[in-house]
Structures are given as C-alpha cells and as structure tokens.
Amino acid sequence: MSALFVAIFAPVLASFAVLLLRRHAGIIAVAGAGVAAVASAVLLAQAFSGAAATELILPGLPTYPLRLEASALTSALSMMVATVALFVLIFAVGYMKKDPEKPRFFATMLMFIAAMQMLVLSADWILLLAAWELIGVSSYLLIGFWHGKSGVAGSAMRAFIYTRSADLGLYIAAFLLIGVAGTSDISTSLATSGTAATLAGLLLLVAAMGKSAQVPLNDWLQRAMAGPTPVSALLHSATLVAAGAILLIRVAPMLPPSTLLVVGLVGGVTTVVTGLIALGEKDLKRLLAASTSSQYGLMLLAIGVGAPIVALLHLITHAAIKSGLFMGAGVFQHARGSTLMDDVAGAGRAHKRVFAGFVLAALALAGIPPLAGFFSKDAIIAATLYAPAGAGLLPLALAGTVLTGAYMARAMAQLWRGKGEAAAPSQALRWMGIGMAGPVVLAIILGAGFPALERLLGAEVATSALAAAMGLGAAGLGLVLGWFLPPAHLLGALLPWAQNGFAIAGGMDGLVARPVLALATALNRFETWLFNAVIKLGHASLRLGRASRISDEAGIDRAIFSFARRTVASGERARKLQSGLIHRQLAITIIATGILAAALFAAPLFY
Amino acid sequence: MSEWLLILALVIGVYAVAVLESWASGNRLRLLGPVVSALALLGQESVLHRKNDRLFFETSPILLLIAALLSLAIIPLAPGLIVTDLATGALFFNAALAYVLVALIMAGWGPDGAYGMIGGWRFLGQLIAFAMLVVMPITAVAMRAESLSTITIVESQAQLWNIAYQPLGFVLFAIAGMAMAFVPPFDLPNAEGELAGGVEAEYTGVRRMVFRLGRMVLILSVASAATVFYLGGWLGPWLPAWAWSAVKILAVTALMLAGGRMFPRIREGTLLAWAWKLGIPLALVNIFLVGVLVLVVPL
Amino acid sequence: MSLQVFFLLVFGGAAVWFGIVVFLTHSMVRSALALLFSQTAIGAMFLVMQAEFLGVLQIMMMATEMSIMAIFMVMFMMDPGGLGEMDMKHQRKTSLAAGLVAFFGALAVAVFADWGPVATDIPDAGEQVRLLGFELLGRSMLIFESAGLTILTAMIAATAVAVQARERKPKP
Amino acid sequence: MSMELIVALSMGAALFGTGVYGALSQTNLVMIMMGIELILAAALVNLVAFWRYLHPDAMEAQMFLLIVMTVMAVEMAVGFGVAIARFRSRGSVEMEEAQELKG
C-alpha cells in the first residue's frame, strides 16, 4: 500500500516543492522521480516474490470506490514509467540548463509522470479517466512549453484536440462498461461479453488510436515535436503515447475476436504507413516521431493476434530505446541548433560516444540480437505466425520490421556521413550523457530479463526459429537498404506523398476540418446568393413598380415596395439573433428552456 | 416570570453599559449621566435633511436596535434564564450581528451626507472581515461542546473555561467582537476625530437616542457572547448563577471599553490587512489546535 | 389554515414583494437592500419549514452577500441614488411575458402535480445539524469538498480577472 | 395533498418568475446578477419545501442546498470579477454596450 502511494505522490510532492522553492528545480525533480522509481521497484519486487496484488481502496463515490492496484502487469508498467522518467529528468537537467523557466518545466514534467503512474496503477475506470485527462492536460502544457515561439501553441492545441476528440471513445466505453458490469472495477468489468464488449472494444480502440497516434489520427504526434526534447523523449516512450497501447493491453482479455482483428489491422496498417512516412522524413525528430507511431502499430498488431503480453514486452523495450534515441537527437540538436536532417549531417562523427549510444539503440529498435528489440520483435512475429489471423497480418508485421531497419539505418547514415565538427564538451552535455546512457544500457540488456517477466505475467510466449530467422532477415534487409540507398530510390513515386504524411485525402484535416470549412463556404455562398437574389428581387420589383406606375397602378407599386422592404427587414431581424448582447442570448436561452420543458411535459401525452 | 426577569436584566445591563461608556470616554463616573443625556436628546430638535432617503433614514436606528436585541436572544444568564435556546444558537448570534451591518449601511446612505456614507461603507469592509473572525473561533468553541446550542456550550466548560482551553480563540474573538460593536479603537464608522461622528453625524433627537441605545445593546451583546463562549457563562462557586453572569458580563464590558481607549485608532486599510492576512490564518490554526486538543485531551 | 401556512404566506409574500421591489425602485442601494430583505424573508421561510440550520445560514450569508452587492451597485452605476431619470430596462414585453410564463408554468406544476403523502415527523433541529454533519463529512464528502474547491477556484479566478493587469517582465 | 407544500412551491414559483423578469429586463450587469440570485433563491425555497414535506429523512437535500448556496457565492464572485474588469476597460457595465460576443 505505502509503496503504491509513494509511487504516485513522490512526483506530486516534488512538483509542489519545485513550484514553492523555485530553485534547484532539476535536482528536486530527479530526487522525486528517483523516490518514485524506488517505490515502483518495491512493487515489482513484491510481484516477483509472489505476493498477492497490493490494492489501495480510496473513498470515492459511495458505491464506486477508487481503486489503485499493483498487480504483476501494473507494477511492471509502473517500473517502466518510473525508470524512463528518471533518466529523462536527468537528461533534462542538462538540456534545460539555460532555460529561464525551469521550475515550470520540471513541475509540469513531474505532474505528467504522476498522472501516468496513476493511470498505470489505477484499477477502476473513474480513476483511469481522471488520470487520462491529467495526462492530456499536462502533455498540452509541455508541448506548448515554449508558447512564445510561433506555431508552438498551435501544435500543442492540435495534439490536445486530436487526443481529446478520440477520448470521447474512452468516456463512452468506460460508462458503457460501468453500466453493464455495475461496478467501476476494471478487472471485474472485463468479464463483459457480447455486443457490449464489441462496442466498448471498438470505442476503446478509437481512444487508443488517438493517444497512440495510429492512422488516421497520427498527424499530431509529429507536430508535437514543438516541445522540448525531454518532453518528446518522455511522451513517446513511456507516457502519453504509451497510454493508448497500455489501455488496450489491459482490456485485451475482454475483446472478442472480431474486435481483435480490427485492432490488428489498424496496427498493421499504421506500422507500414508511418514507417514509410519516417523513411521520407526530412527532420530527425519527426522521423523518430513517425517511428513511434510505427512501433505502436506493431504493438497493436500483437494485441490483435491475441498476444498482449508480447505487446507489453515490446512496449517496455520501445520505451527504453525510444527515450534513448530522443535524448541522442537532443544532444545533436543541442550541438547543431536544429534537427533537420541536412543540418545534423555528420553530427554523429563529432560526438562519437553519443553516436555509439544512438547506434546501439537504433540497432535494438531494428531488432538485431542480442539487443532487447530483437526478442520483443521476434516474439511479435512468432505470435503473428501462429495466430489464426496471422496470414493477413504477417506481411504487415514483416514490412514494418523492414521499414524499421531502413529508417533507422537512414538516420544513422545521415548522422555519420558529413563533416563532423566537435563542439566543446560542456557541463550540460555531461548530464545529458548520463541521462542517455541509462536507457541505452537498458536497451542492450533488457532482453535478458524477458523470460523472468514472462513467467511473472504468466504468459506463454511462442518462439520459433522460423520467426527469428524471418525477423532477423527483415531487419537486416531494412538496415542494408536504408544505409546504402537514399530514400528517393526506396520510396520512388511514394516519396512526396510520404513526406506529406500520407495525407490520405488531406489526412485528418482533410477529412474533418476542410469539409467543415467547405460547407461553411458553400453556405456562405448560398447566403450571398440569397441576399443578392433578394436584392435583385427588390430591384426587379422596383423596376416593375416603376413600370407599373406608368400604368398608374399605385396599389401594386406599394405592395411590391413593402414586400422588398420586408424581405430585407426579416433578414435584418434574423441577424439580430446573433447580436452578442447578453440579455438577448439570455432571453433566447430561457425561451428555449421553456420549449424544452414544455416538450418534456407534452411527451407523455403522445405515448 | 422569567420574561420579566430577562427584561429587567436587559434594562439594567444597558444602563450599566451606558454608564461605563461615558465613564470610559469622559473619565467621570456619573451614575445619572445616561438619564440626563436621554432627556437632552428627547428635547432636541429632530433635523431632517433635504435630500434624504426617508425610508432608510427612519428605519436604520430601529433595525440596529432590533438586530442587537435579537443577538441577545440566545444568551443564557442562568440555567433556564434564556429567551430561546436555539439548536443553532451560536450561528444565530452571528446572523443577527450581520444585520448591524445592514443598519449601518442604511444609516450611512440615508441622510445623503458624505461623512455618514464613508462611515457606512467603511463598516462594510470591517464587518465582512471580522465576521469571519467571529465565526471561526465560535466554530472551535462548538467543536468542543459538540453542539451549537449556547446552553450546551456553557455546560461544556464545567471542567475548564474556554479562555484557558483555547486562549488564541478568545483573543481573536475579543478583538473581532470589539470590531463588530465598533468600540474604540475600531470605531471607524463613527470616528469622532476624522469623520465628525460618521454614521451618527446626521442623526438628532429621538432617532439619535434609538441609535445609541442600539449601540449599547450591541456592546452588551458582544460582552455577553464573550462571557458565554469563553468565560463559562453562569458557572462559578459561591454566588448564584445570574450573579456570576452579571459580574462577568460587566467586567468584560468594562475591559472592552476601558482597554480599547488605550490604543490609537487604526487605519482602515491596515485593519483589513490584519484581519485577512493575520487573523484568518490564526483562526484556522486555532481550529486545528482545538481539534487536536478535543481528540487528545477531552476535558 | 394551519399556522405554518399562514407564516409561509406572510414570509413568502414578503420575499416576493421585496423581489419585485428590486426591479421597481430607481435607487440602486434600495434595490440591493430589497434583495437582501427578500433573501432574509426566504431564510425566515426556511425557519417556518423547520430547517433551522439552513434558515439561519441563509439569513447570515445573504446579509453580507447582498451588502457587497449594494456597494458594487454604488460603484458601477452612473446614478446610484436614482435621482436622475435613467432608464435601465429593455425588452420589457419579452421579459414580462417570460416572467409570467415561468411563474404560471411553475405554479401549474406545483398545483396539479400529485405530490403524494406529506411527511409529518421530522428530526428536531439539533438532530438535523448532527445528521447534516454526518452527511457532509461521510457519504457526500467528495461532493462537499469539490464545492469547497470550486469556491476557492472561483475566488482566485475572480481576483485574477479583477486585478489590474501588470506589465509582465519580458523574457530575456 | 397538503396546503403547506403548495403554498411554499407557489412562493418559489413567484420568486422564479420575478427573477426571470429581472434577469431579462435589466440593462446593468449587476442587476442581471440580482435576477439570477432570485432564480437561485427560488430553487432554494423549492428544495427546502421538498425536503420538509416529502423526504425529511434525506439529508442529501440539505446538502444540496449548501451546494446551491455555494453556486450563488461563486456566481457573485465571478460576476463581480468580470464587472470590475469590464468597468476598468470600458468604464461601464451596461450590457447594451457589450457586443464583443457578437457572432
């Protein structure tokens, strides 16, 4: 119980301390995250020692208490979050060295971490929803951290709106499940079956697609690069984006086969499409962002073939690797002041040690043994191989693997080829190096821990030599292709399209925003037309009137005049509805309320 | 029987307060002073202003008197000697005092005079700040008694008076009570030196007499409340219950009137800053301390 | 006609009358104080209906709340005394119609609905306070605390809106 | 049926109607707030009446009353905040002149 509490509240307390003291922000933040990491480690150790899942029941709504639970699954996830967060914060101490608003940054980061811990450890829907919202808000604040820069506020808003609109799915699904199961407990509500389960599963998939940036909701993630690099490192690896996949992993036992197939397909398509986007990307950080979407696609694919534990393994591996990669990119950005591929060319030659770490992480992501990525990716391919729906999904998984190799090789090639000018090593760089070393080491050694973790989670992970060979072959092929061939050759005609983010019919913007705008324009045109028509009618009637005056018919004349005038006046009156005057709006509100009440009263009469 | 006793006690109390007040301000003990000045006021011409708000001008002294009298209704002088033993007595006391504010605003606005108006609005700020400081110490008192009824509150102090049990609360309550009754040094609404009498300035004759009578009742009421909430009400050895109440109430009144004279009047802004920034946190601390005490040392 | 009905009529009538005076009078201070006495009469209605704690609370809170309203009226009105001939009403017909419709609609519901049997025994005042305390700090604690948090937020937000904007230090 | 309940509810209805009239007919922001206060007060009266005559054992009703009082206080606080800000920038809180919300 106490460790559970500490894991969540250590970052919260540290956040308050940072805000109150306003100095030594970095150190306090690292200490807070460290304490949380220790608490998570205690939880994981308890899980390993075979103790029953610790549970903490808080008083909430009368019949819906709020529950926190540290089972094997949740404590493993909590450990992952805490570890990555710790290293990212260490990195951030160096990265944010010169920023004048350090307290705000670290406080928000800590809130973000606390919210994620709460999400991971929550055992009921209400708490999960609360944590989900907190994550959304704090990611918005962090992406928009440099809100003074142009475009930053916009991309923060975009990330928020994309994930928020998808969140609606989570809300409906959660209330549906609570309603059907009669309890807000997640594990109990997972016993739901039938139509409710299918519907809830699909809605949850929508929520997960939003948070985990799956096609077609993938665009915001790449734009979220506007935030500081530590934010990206945290966001992509263990927190915001992971929330979607974690949600699906947790509800996987409930999902019926049909829903699972949809999950798998979404994941498979995403991994290929965003892989291609990554290959065509011109910016290092955006490349990494697209690769995040692609890797989460692989995880969804694994969930889709009925192997959520494998997805979890890949999630953990990916968390370590991706945070390492982003921190590496952060160092290069620090050195070159930009993340455009052309600008960072050769930066790897200048920072050989950082580059070595980057390469190790990249190879791990591509799936080269004995690095961690090999084991998890291999497990995904094996699971796909033996799954009933595997025949359709296996090519997608393999294509994703090839693409992973290709774009990582491309990034490495770009960093290595080019002129390297060593920058003077600074204090900041040292902190960043320490922060980066942690995830990279984890990326190397995590594979060894998988058997133990699998046993802990009680899942049989299929392995096969065939799958290993296929995975290795695909990864090798991708690496070779990516290293030796420029993306223009690889993608061919697809390149401009991929660089445009595969904006299928204009992407999300095209699907939602542009039609709405077009509709508005059309309506406007219609209105103008109507207006003109009325005016013309008026003119026509005037002319008619003039003509009729000649025929000395004053009566018709007046009628037509008044008709024209009244038409214009009614238009004026309609405009007044949108007056912006409080009292008018208030009157309309009250009248509308009255009509609603009347309708409510009248309704029984018609039944 | 007890009604007559209560009315008698009220008359004697108000008279005593009036004597004490003139003693404190004039430095001379004149036992017949109040009668003389009442007669003088009765004989005075009733001045009416040209552009007054007649309704407010006429009703405000009466409202002041009524509010003060109502706040006295929940004060027990002895077991059974109480106007009404409300279950929410401690809260009612404050509710009644809130109408003193209304009366003063009306009195300030009514006669259309600058001094009066400033006095009235001054009291608005003063009362809102200090009403908090009355309610919050009372909360602590009610916590100990586990009741809002004033009789139960007195009985809860049989072991130890609240002044010893929660001295911080008493200090806050005494200061806030003085501010509520606008006795010096908190007499900002009717300050003689700077506002030429403030809200009272435009009143003459009978109206002024009613106004001052209300003020005397108000002082009596605050002193009695301090007695009931903190000094154990009628509790005490040897003497009969009513005598103890009388002695304590008069002593508190004398202390309030005489002690207040020793301090200079405080500027409005400073006063409010103290109330909000110092008084309220202290009152919260008091509630917390009493909460701990009630749980740890249930006397 | 029981005593309770009589007093309800008296205090209710006072509350409504003062409520109407709020919008009839030209003097702003008068209209604020009329609202105050209307709220006080409502508090008295609570007392008649044996909700002692709430009645006293209403009487206490509204005295200060409406006095604050009065000072704001004086601050923000061009003509707080109502001596000039300022017109401060608009869309009279709509408002009057809406008010009457609202009144008669609610009245119709009150009169024609089947309210079922009326309870006779109610807990006495002291017991009510005790039960309310248990309600607030027991089952409904979360709601109560959120109300507290809401009012704190509103205080801070209102202050933030109202204080004069300061020049922010430009970023280095 | 009981007389008491109907009388209390009709008093609430009258207060509600007055409040609606006031909120719609006044031009001044503070006066509009007064109308809204009356509407909320009408809700209070009805709540107490329902508690007293229908469910005297349900203390949630009294709790709800406290929440409505909170809403009244919050409304005052925010309304006055807006009024002060507006008075600062425009020198008036007449709502006839406030057209920034125009669509």
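Think of it as A, B, C and D in the order they're written, each chain with its own count starting at 1.
What we mean here is this: a residue touches a chain if its C-beta (ideal position, glycine included) is under 8 Å from a C-beta of that chain, and two chains touch if they have at least 3 such contacts.
Worth saying up front: this structure is predicted, and the values here are computed from it rather than measured.
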Of A-C and A-D, whichever chain pair has more C-beta contact pairs: A-D
Chain centre separation (chain A, chain C; CA means) in Å: 46
Chain A and chain D: spacing of chain centres that average the CA atoms, whole Å: 43
Where chain A and chain B are represented by their mean Cα positions, the distance between them in whole Å: 63
Centroid spacing, where centroids are CA-atom means, of chain B and chain C in whole angstrom: 27
Chain A, residues touching no fewer than two other chains: 583, 587, 590
Sites on chain D at which at least two other chains make contact: 20, 24, 26-27, 29, 96
Two or more partner chains touched - positions in chain B: none
Complete list of chain pairs which touch one another: A-C, A-D, B-C, C-D
Residue numbers on chain D that touch chain A, as the complex places them: 20, 23-24, 26-27, 29, 32, 95-96, 98-103
Chain D residues within the chain C interface of the complex: 1-22, 24-31, 33-35, 37-38, 41, 44-45, 48-49, 51-57, 59-60, 62-63, 65-67, 69-70, 72-74, 76-78, 80-85, 87-88, 92-93, 96
Chain D partner contacts - residues on chain C that touch it in the complex: 1-2, 4-5, 8-9, 12-13, 15-16, 19-20, 22-23, 31-32, 35, 38-39, 42, 45-46, 49-51, 53-54, 57-58, 61, 65, 68-69, 72-73, 75-78, 88-92, 94-96, 98-100, 102-107, 109-111, 115-116, 118-119, 121-123, 128, 131-132, 134-136, 140, 143-144, 147-148, 150-151, 154-155, 157-162, 164
Residue numbers on chain C that touch chain B, as the complex places them: 27, 29-30, 33, 36, 52-53, 56-57, 59-60, 63-64, 67-68, 70-71, 74, 81, 83, 124-126, 128-129
Residues of chain A that touch chain C when the two form their complex: 59-62, 100, 148, 583-584, 587, 590-591, 594, 597
